[in-house]
Amino acid sequence: MTDLPHSPEQPVVAAKVSRWKMFLASDIFWSYRRSPVTILASIIALILVLMAVFAPLLAPYDPFNPATLNLMDGMTAPNTESYTGKYFAFGSDNQGRDVLSSIMYGSRVSLFVGFAATMFAMVMGVGLGLVAGYFGGLWDAFIMRVADVQLSFPAILIALLIFGVARGVIPANQQEGAAIWVLIFAIGLANWAQFARTVRGATMVERQKDYVAAARILGVNPFLILLRHVLPNVLGPVLVIGTIGLALAIIEEATLSYLGVGVPPTQPSLGTLIRIGQQFLFSGEWWILLFPAITLILLALSVNLLGDWLRDALNPKLR
Amino acid sequence: MTEPVLSVKNLIVDFPFHNTNFRAVNDISFDIMPGEVVGVVGESGAGKSMTGSAVIGLIERPGRITSGEILLKGQRIDNLPEADRAKLRGKRIGMVFQDPLTSLNPLYTIGRQLIETIRTHLPLSEEQARQRAIDLLTEAGIPKAADRIDAYPHQFSGGMRQRVVIALAIAAGPELIIADEPTSALDVSVQAQIIKVLKELCSNHGAAVMLITHDMGVIAQTADRMVVMHQGKIVETGTVGDIIRRPREPYTVKLINSIPTIASDRSGAPASAPANDDGAFVQIKGLVRDFELGGGSFTKVFKSKTEIFRAVSDVSFSIQKGKTYGLVGESGSGKSTCAKMIVGLIRPTEGKILVDGHDVWAGGAGERERRKRVQMIFQDPYASLNPRWRVADIIAEPMRTLGIATNKGEVEGRVADLLNKVRLDPSVMRKFPHEFSGGQRQRIAIARALSSQPEFIVCDEPTSALDVSVQAQVLDLMRALQDEFGLTYLLISHNLAVVRQMSSAVGVLHNGVLVESGPTDDIFDNPQADYTRMLLDAVPDISKVA
Amino acid sequence: ANAETIRWARASDALTLDPHSQNQGVTHTFAHHIYETLLDRDSDGNLQPRLATEWFVKDGDPTVWVFKLREGVKFHNGADFTAEDVVFSFNRARSDGSNLKQLHAEVAEVTAIDDHTVEIQMIGPSPLYPNNITNTFVMDKDWSEEHSLQNVQDFAAGESNYAVLNTNGTGPYVLKSREVDVQSVLTAFEGHWADAPAVTEIVYLPITDAATRIAALLSGDVDLVQDVPVQDIERLRNSAGFKIETGPENRFIYFGYRFGEEPLKSSNITDSNPINNTLVREAIELALDRDAIKQVVMRGNSIPTGIPNPPFVNGWTAELDAYPKPDLEKAKALLAEAGYPDGFSITLDTPNNRYVNDEAISTALVGMLGQIGIKVTLASRPVAEHSPLVINNQSDFYLLGWGVPTFDSAYVFNDLVHTKTDKHGTYNGGLYSNPELDEKIIALGTETDLDARNASIAEIWAVVKADRVLLPIHNQVLSYAMREGMTLPVHPEDQPRMTTVTFQ
Amino acid sequence: MLAFVVRRLLQSVIVMLVVAFIAFLVFRYVGDPVTSMLGQDSTIADHEELRERLGLNQPFYIQFYHFVTNALQGQFGISYRLQQPVAKLIMERLPATIELALASATIALVGGVVMGIYTALRPRAFTSGVIMTASLIGVSLPTFLIGIGLIYVFAVELKVLPSFGRGTVTDIGWWRTGLLTESGLRSLILPAITLSLFQLTLIMRLVRAEMLEVLRTDYIRFARARGLSTRAINFGHALRNTMVPVITITGLQLGSVIAFAIITETVFQWPGVGSLFVNSVQVVDVPVMAAYLVFVALVFVVINLFVDILYFIVDPRLRDGVRSGK
């Protein structure tokens, strides 16, 4: 606690300062500061995320706008002059797209898919986990059995199947617009079980606690209890799985792209860029594969490292 | 003069944290002579366990001994390298932990764990070690030890497991035994037996015992000398008799007052109404609760038949308006189960609960009445407040839910009022529970209970998680509120002193059956049931302390 | 000669050993080593004798084809090859379960005149029929009957037949072992009628992943790689120890349009079909830079073309093959003239695992059309999902490739230009329909006067080109990569023969 | 115990049926086998006729009924692509996949457990930090990229290991093994590593977390107080208790190794069921795809059964029907 005197003139500022100070003094921040790997990871993650979010402002070219591309600029090596006289810091790919800009825009797609899919998995998993853990009995048995079955099939297989169904269900001419949502749905659906398991466990612990009993005595609606009492108390581990799930979702998107069921090739994600670049592994255009691959590794690795650190930092027993 | 077995000199244990240093043990010194039992008492967090850990060399990171000396039979041991210290453990210093349920590895048989320990320290063959293990178990009071040696821990009861733990601690015949709360997880009746075993072992083997506990009663029964700790320091030390009769420090006085007394009569509450009055405010009639064991969802291990366990069996009593009914009984006797049925958390298998004439399990109207009139205060002030909610929201939840106050200003006013009533500053409204001490939290919990303006409050062990020093304040508060609002209490406690102090009538539960019920003084002074007598006998009589 | 083994890798395996059950290039390629056909094609696409030494239309009856068979040919099991075997095999290939029956649709009856002469009675005059039989393999009648192989395998019956796993052909190699998708071993057939081949043992290794396939060659685990990704050609050509053989394939790649006035499902123009307008199709062609695709996407390994017809095929001319230079200004003007000054949007469907760089070609077109204001959404799918869209007329704009196994334009017209009916226009997914052309196309089938027929073909091509029915991009170029010291010439139908391998 | 197994088996049947149904439902929507089966020389009439012959015109539930009844007899029909009985194809490919899966499971298990224990026992050591960080690379790289990278380095550049396939195989009855020849073993190295990396990371982290948890339990503290040697504590007591929760997750993980092999097998042209599946997906070979999914479900169910039985062996509390609470 701070012992700053609360001056009546600037109560808001004072509160803010104290909260910021509290954060700086907190154990989490302390464990953050003590881990150089985590600091590095968070800086890299931050740079990559900012780069992706502000791609339209930062990227030297717009690789997603076909009208600005010239095929003859294709395969230009890093920092050499292209056919139309442009310079590409990381070279250009087989469509004349600037690899650097493609990475920026591609990270955007990857991060979006990753975030959205993880959110989806999280909402679904947390919801089902809460219900299973709180109500128990048949609900629990049913939800957890489904989760078991789902866990036994690798996410990629599930995503492939869902993709297949979507292809069959959605009219052909709307499929491309829907592709990214199908991808999000597929990856999300493949990953909910982790959340459900963790939340169920945590909920079963919380359910026993007396503050829940206190609310039940009042006759508070069980769903309100779940939402307002239990949920905030089980979010810690969810955050950890969420982070690691984000990295996983990004990788899964890449793998799906490798299997040819991903985002449209005109709006490539990091995974699609790697799939494309992979074809040039033996042909000398190393930059088409190398830069997106490094970006993907950095992204997944830094997010994973952050998740790892978060897991330890949030676990009081490991401090 | 003989050399002390253990000699602790100016011991300091520090826990350095990133922005502070926490001193868990602050400059303590004491000796233990051969064959002597020295009790270490003090409230929770006083540093008792830490002292024990320091002696055996098992302080957890980041804690460390900052200064001081620990001598075992004159040999300095605190500065030995880890490998050498490890050799002392089990061999020369034995240790008994508080919780018999978690001290044994669940995956190995008792025998295996014993033999392993014995062979680590003594040059015996497998056969000889097994024989010794059986002897040790017999000595520790396990009947038919030879048959039971190959059982797994979960196949033993808590008391038996604690005996096994003791057997493990003395397996190699150590010179010093550190017993850290060896009985606090056990029933009163079992507790007495364990203490007996410990004392016998001590006299038979001539070992010195350091007995750590927060229970003055246990000390009074067992120890020769005692050390009183408070906030990491030793505040008083001397023979048990001296300290109990002539405590010098105010803290020691409080501790001694917390020893359950059955002799004194301070409550003054007249033993009035007969036990079964149909006009009583709260009436419990023929309450039964069954639990299915081992059943559950189909993912669970398959069982051909589900066993039914009757946790509460035909319990009836009644409480007069504005009075307190005390419910006592050992752990697992069904006290909490009763409380939960009364407040509506679990449905009774059979029986009726009437509050002011409304059947609280009748659904509809009865249930609505119950929500308004019945509230509960829980044992653990740490778990009973949602850590993510602000104090104001916690206290306001009942009034909001029940629609007593909805308007923001009104709610705030009432919350402030309630905080005043439980002697807390209304400015704490914006804080979170973790910013409060245990006693303060319990006050917040009481404020929440009062928030719905109830008439009947069920208190399940409201003070057992609190330090003796705080316990009295909370009890005083409860009594004051009872006077002020005419509240009716059901007070559940295993602390007989508390019950005697607070209640006008008492019920004794044993294995789910209400073995005795009636006015407090009648029961305490003239118990009828065997079980009640045993319960009262287990309480140490301070006047008899040598 | 010395024993020479070559390890031959390509992307996929033969689907079956039953020579009449699949009409698919990879399967045929494999079968050509075990079984033989009456006629064959050389690397220029010309018909060559194989089991037939002579073939001609019967004097006085233009509806009968006569084949003189080679003598002294033996099956692997030692049986003699006779006209009865040919009759049996052709009837089998025409039977219901066969995937080849379409190629023999004009056949009325096959009869053995003597041991080494076969006559085929056609329904009407069929001047080009010999072009259709280069993949119709001859099985041994006795052996087949012994193993109840009269019928091609029937899926519904749920059983496999003997010929799916066992062979008995007259071909230059005998199957020694086979593990589907893994490896097949073939050894030279001692009793073969032709000269002994230089390659005495073939280890056939399907490797799906392109990168792995090339890696296998580079690491020396295989000697020969078919289906070489274009981007790796240059590197292999320049690496010591490896060499590349390239040559044109008899296959073109094109874009198909949706015809008809009905508005497109995938377009923002909801009151008309913009690409039904010839001006728009011209604008699209003017935006297309075929040379850029060749240079960048295909790495020089393609032959840009202005006509959906490869040079091997009868009816091809240099004038038709000419294509316009890209002209963006004119394209934009044409679009404006057609009433779409701001362009329009449309979805382009493309396969991504069938043709060389199919998806990249389509991606490139998206960029090119973007320059003139046509906003293209690219829908990329595996071919198994792509083809049904085209066949079921569900695509507005699509990429497809087309091989011409008969080496005659009629084959292109029948399936791509003729109005869609039960028998014709199967792949006319854009539903182009020109009744006048339809008549001419049908007439081609029975025209025996080759000059008149060729004139008619030229007329049809003129209309097809002027109407811009299809937008051809290029003819594919094939590349085989191999270790130094051996040579395998490219086969125009991508059916290389190990008998043609030579060693230095 | 017997009753338990029977009950488990019943449950498994339900799981299998559900999976079969989902599999079938899904594949109805993936592409059209007819176009793949007929070449370009086909007419619309041919398409219709083939459809009829394959029974694809029948209502969905009838197709499913046929599928289930046939599957019960071990018949999964004829592969559209290869025209051979699917059951035979899968049986032929099974040894390759199982050998690959076992090899990578062994790597993942041994490596994961050893490194997990190491990092748990020395949580603050520099090497632990390095292992923890480096292991994340296993889950930060797509499998296909790892595979191709390994091929590039070890086959193309260094030329020390084969780039694809299984090498020389030997037949033992119907089981075709690559484990008995040098080339077979050499061929196994790269794919097994590729496939194991992901699971290795997971198992290692799981073991570490559980071990750290166990090391703080009272019985470990008490074991220390009893004077047991560090070795006995770490490997006798802590490890066994760690294994209880680790078994479940690991069991599931190992099940998914087989299914995960799809990508690895494709990259290395490993002749297992995974690559069979991928090749079948390309041309919508429905019988093979459906059979494959059922196969994966079967593997899962069998492994789950083993895991449960293993629990009985490891945890005495379960034998007596006591709930294993923490």
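Miscellaneous remarks
Labels A, B, C and D are assigned to the chains in the order they are written; within every chain, residues are numbered from 1.
In this text, a contact is a pair of C-beta atoms (placed from the backbone, for glycine too) under 8 Å apart; a residue touches a chain by one contact, two chains touch by 3 or more.
No experiment lies behind these values; they were computed from the predicted model shown.
The chain pair sharing the most C-beta contacts is C-D.
Taking each chain's centre as the mean of its C-alpha atoms, subunit C lies 39 Å from subunit D. Between subunit B and subunit D the centroid-to-centroid distance comes to 49 Å (mean Cα coordinates, whole Å). Each chain gets a centre from the mean of its Cα atoms; for subunit A and subunit C, those two points are 45 Å apart. Chain centres here are Cα averages; for subunit A and subunit D they lie 25 Å apart.
The set of subunit A residues touching two or more other chains comprises 145, 167, 278, 281-282. Of all residues in subunit B, those that touch two or more other chains are 298.
Subunit C has residues 211, 215, 218, 353, 382, 385 in contact with two or more other chains. By the document's touch criterion, interfaces exist between A-B, A-C, A-D, B-D, C-D.
Residues 3-4, 7, 11, 217-219, 221-230, 232, 236-237, 240-241, 244, 314-318, 320-323 of subunit D touch subunit B in their complex. The touching residues of subunit C, counted against subunit A in their complex, run 210-211, 214-215, 218, 229, 231-232, 234-235, 265-266, 289, 292-293, 295-297, 347, 349, 352-353, 359-360, 362-364, 366-371, 373, 376-382, 385, 389, 394-396.
Contacts from subunit C toward subunit D in the complex involve residues 12, 15-16, 18, 21-24, 96, 99-100, 102-103, 153-156, 158-161, 164-165, 179-183, 205-209, 211-212, 215-216, 218-221, 353, 382-385, 387-388, 391, 402-403, 405, 415, 420-424, 426-427. Within the complex formed with subunit D, the subunit A residues making contact are 37, 145, 148-149, 151-154, 156-157, 160-161, 164-165, 167-169, 247-248, 251, 254-255, 258-259, 271, 274, 278, 281-282, 293, 296-297, 300-301, 304-305, 308, 317-318.
Residues of subunit B that touch subunit D in their complex: 56, 58, 86-91, 94-95, 97, 99, 102-109, 116-117, 120-121, 152, 154-155, 165, 168-169, 171-172, 294, 298, 300-304.
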